[in-house]
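Structure, as structure tokens:
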Amino acid sequence: MNPRQITPALLRGMTQPRTRRDFFRVTGLSAAGLALAACGVQGQKAAPPKADAVKDYWAKQSKHGKLVFANWPEYMPEDQAPLKKFTQTTGISVEYKEVIQENAEFFGKADPVLRAGQSLGYDIVVMTNGVQLQHMVELGYIVPLDHSRMPNFLANAGDKYKERAYDPGNQYTMPYSSGVTGIAYNTKYVKDDITSIEALFDPKYKGRVGMMADAQEIGNFGMFALGVDPEKSTEADWKKAGEKLKQQRDAGIVRKYYDQSYIDAVSKGDVWLTMAWSGDIFQRQLAGEPVKFVVPDEGGTIWTDNMLIPKGAANPVDALTLMDYLYQPAVAAELDEFIQFVTPIPAVQDLLREKAATAKGEDKKALEDMVDSPLMFPSAADYAKLRTYTTLTTQQEQVFNSIFQSITQA
Amino acid sequence: MKRLTPYLLALPSWLWLAIFLVVPMVAMASVSLQTGNAIDGYAMTFSFSNYADALGRYSDQLLRSLLYGGLATVAMLVIGYPVAYWIAFKGGSRKSVYLFLLLLPFFVSFVLRTISWNFLLADNGILFGTLKGWGVLPEGFHVLATTVAVVGGLTYNFLPFMILPIYVALERVDPRVVEAAQDLYATRAGAFRRVVLPLSLPGVFAGVLMTFVPATADPVNAQILGGTANTMIGNIIQTEYLTNLDYPTASALSFTLMAILLVGIFIYARALGTENVLEAAAR
Amino acid sequence: MRGARGRFGDRLLHVYTWLIILWLSSPIAVMILFGFNDKKSKSNTSWQGFTLKWYGELFEISDLTTALRNSIVIALVSTVITVVIGTMLGLAVGRHRFRGLGATNFLVFAAISTPELVMGASLLSLFVSGNVPRDGNTIIVAHVLFSLSFVVVTVRARVITLDPSLEEAAKDLGATAWGTFRQVTLPSIMPGVLAGAMLSFALSIDDYVVTSFVNGSTVTFPLWIVGAVKTGIPPQVNVMGTLIFGIGVLIAVANAVAARRRA
């Protein structure tokens, strides 16, 4: 057999009855495949849960003394001390898994499982507010929460975290931690103080500006630049924002539409200023790198990673117990000291301040830096400028995505 | 028994491919003809226009992918052939050691390689920063976020997949045959063209197949190394599937891509198989 | 005259081969270096001083250790399966003419040309609808699927160039079919099999996309690292990469020495 002989054989596959039969025989195996496709993508838009149904569901559940917690990497100290204390206090053992790397991807693999009515094998899952979380809600993939079992949350969560556009009435989720999307710049190259979002559109920085590839992130910044509040935006606003971002791209101002990799780019000076997430920049500052983060005057985006109980979870009571446990200020303080993002529990700032007062040396310095950082504890003025992602219906989402993806994925 | 041999040899792979490739593919084919949305569900409407729509929207990215894949494959062939040649004929007892060393960097995660490349190629990094310091390069010079970086990344990442099969075919050639041919045709170039090259063509075919196809479909290099206008079709499929949950469009694009690649492979196999080459190979 | 030029050409190619090996390995140097970085923050991308402590704390992150172990086991098992069935198919398509040859070639090429994401997503749908729990086994199934074609194509490239008269001679001399295969066929296709095995191992241990769909709650080395990118990859990852690379180089050196002894 040599290379040339493949060709006639393969061409025969298209033309001659004998080999075509072979081909059909192979495909004949796939009746199963068709059945699979037919049931693969059925819709199951969920009606909002009825209060009674929620009550009934929780009345039937009981504590099992164990749970599985699926989270993002580096979102828990390596010794898992907070979870160990939880086990001591409550007798519930926790299997902790760092299995979520990205929302879209996580949803991509969770969707077929949940659609088939099977369990993910996790009792708590952490997802960022955004289209995927919204799909989880719309498809009825989340167990509604029992408010009578979450006293710590109701008592200690900051107001901003109890009134979230993507989960009105705290029906489905509790925040785990938050972050802010603003502008980061490298002070070695940018000598001016950046305060306005216009800097991202300034031809002075041609080829040195980083924007985010995510449609919701970049969409928000396009709207901020036009003075539009994304939470109240309309299709016309999106189009205008799209125009503005297109001009920015066509003028060669944008170097690249980044994912997580923007952070290395700005700290190395490949881009001089970029859209950025607060927690990342804070860590770079601690490492002594010349980067600075601002929430632009026109506005910034606040996003939140949320804990939720996926449908089919085996241990919902234990899960809810842990979720609420994490809302004790002392527990949250210990956790936040490690993860260094914005905590949904305002009391943590005072606790860390007290701890800093008694600490010594490097620890003291680190704690003081955290307490004073607007990146971990945004001021009231900062919060006033912050908006969440635009909440979209399925139809709106298609329009929204196509407007902004046509810019980032040309 | 002898008549059955090929079937027995092929059976395990057939089963594997039938269950885990064909069945899902048929499912995907069905999805590519459906309409609807992820929340309300998709229904089979035999909507062949999905293909036209997808192609209309993303023809730029598709053509660009074929171009990048093609450029990278040519680069790999030019860079890789001499390596395979030298290892096959002059590698002596250490042939497999060289091959192993070529592949070893690919045993550590692509994430680590990527981070390292970003470090090495940074605008003001260890390489370009130094050269800019000496005034060899202009201040604005950069490689990251350009077409060159994407094609270079593809070339880097798939190079071993070009070298190994060419080596495998060349290693079969008896060096004495090459020597005899050199005497016969008087020049090394002549001997190479008339004897070595034809004998290595099965390897070249395998190498091109194993590099052009995955390079064209690759989303990673464009995402990491590309700039504002380097999006490849793999990235689009990823976005349509994971972000937009537009399974029909993602499926239609995947099938289109696969169809183009398969047709390309057949044409290429045909073009490669000229009579002369075959006769030489058979001799 | 020609001889001298030939030797010069060979030396040039020798140097060139090493340059290519160096080029391919160059990012590894950075990886090794940052395994010694005494970093203060969570990120590990700027040099902050030399330390050996990450080597001491190599297995402190238990999830990472498990992930690495999973990856190695999965790569070994899937490589063995792939090489066995892939070599069989490679022999079949390279040597024999049989009904279904066209369809087989078609499938082998289709498997290579399936975008990874599509392969992963469609396998997940298959497993879900068949109610198969996702774990290490499903990862192995997927890895065999995407490595298979690479082994088949590599082995086939070798088989095509073989002279069938050797096997016929062996049979004429009274060897059994199995004896012929083991003593004549297998040794002569061995370079192709080995190359296929190496490719298959590299594909498996480095795979992210397909694995991320079919892993269930099993985490592999690449999966763990990609997740950690968001908050900073710990230097232990670099150390593990360094050890993988180091062990590989040791194997290569031992091989080279052994080969020299034999020679």
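Going in written order, the chains are labelled A, B and C, and every chain counts its residues from 1.
To be clear about the criterion, contacts are C-beta pairs under 8 Å (C-beta built on N, C-alpha and C of every residue); 3 or more make two chains touch, one makes a residue touch a chain.
Being a predicted model, the structure only gives us computed values, none of them experimental.
Line, ring, star, complete or other: which one describes how these chains touch?
Graph shape, chains as nodes and touching pairs as edges: complete.
Sort out for me whether A-B or B-C is joined by the greater number of C-beta contact pairs.
More C-beta contacts join the chains of B-C.
Determine, using the mean of C-alpha atoms as each chain's centre, which chain is farthest from chain B.
A
Rounded to the nearest whole Å, what is the centre-to-centre distance of chain A and chain B, using the mean of the C-alpha atoms as each centre?
Averaging C-alpha atoms per chain gives centres 33 Å apart.
How far is the middle of chain B from the middle of chain C, if each middle is the mean of its Cα atoms, in Å?
Each chain reduced to its C-alpha mean, chain B and chain C end up 16 Å apart.
Scan chain A for residues touching two or more other chains and write them down.
Correct list: 2-3, 6, 10, 26, 36, 40, 105, 108, 264, 268.
For chain C, what residues touch not just one other chain but two or more?
45, 93, 95, 97, 100, 106-107, 121, 125-126, 156, 160, 226, 229
Touching at least two other chains at once: which residues of chain B meet that condition?
19, 22-25, 27-28, 115, 119, 202, 205, 241-242, 281
Which part of chain B faces chain A closely enough to touch in the complex?
18-19, 22-31, 34, 36-42, 44, 60-61, 115, 118-119, 122-125, 140, 142, 144-145, 201-202, 205, 223-224, 226-229, 231, 235-236, 239, 241-247, 266, 269-270, 272-274, 277-278, 281-282
For a test of understanding, state which residues of chain C touch chain B in their complex under the given definition.
Its residues touching chain B are 2, 5-6, 9-10, 13-14, 16-17, 20-21, 23-31, 45, 84-86, 88-89, 91-93, 95-98, 100, 104, 106-119, 121-123, 125-126, 141-142, 144-145, 148, 150, 152-154, 156-158, 160-162, 191-192, 194-195, 198-199, 201-202, 205-206, 208, 221-222, 225-226, 229, 233, 237-238, 241, 244-245, 248-249, 251-253, 255-256, 259-260, 262-263.
What does chain B use to touch chain C in their complex?
5-7, 9-10, 12-14, 16-17, 19-25, 27-28, 79-80, 82-83, 85-87, 90, 92-117, 119-120, 156, 159-161, 164-165, 167-169, 171-173, 182, 187-188, 199, 202-203, 205-206, 209-210, 213-214, 217, 219, 234, 237-238, 241-242, 250-251, 254, 257-258, 261-262, 265, 281
Which residues of chain A touch chain C once you look at their complex with the stated criterion?
Those in contact with chain C are residues 1-3, 6, 9-10, 12-13, 18-19, 22-23, 25-26, 35-36, 39-40, 68, 70, 72-75, 78, 97-101, 105, 108-109, 112-113, 115-116, 118, 121-122, 260, 263-264, 267-268, 279-280, 283-284, 286-289.
Spell out the residues on chain C that touch chain A in their complex, using ranges where they run on.
39-43, 45-46, 48, 60-61, 63, 93-95, 97, 99-103, 105-107, 121, 124-126, 128-129, 131, 156, 159-160, 212-213, 215-217, 219, 223-224, 226-232
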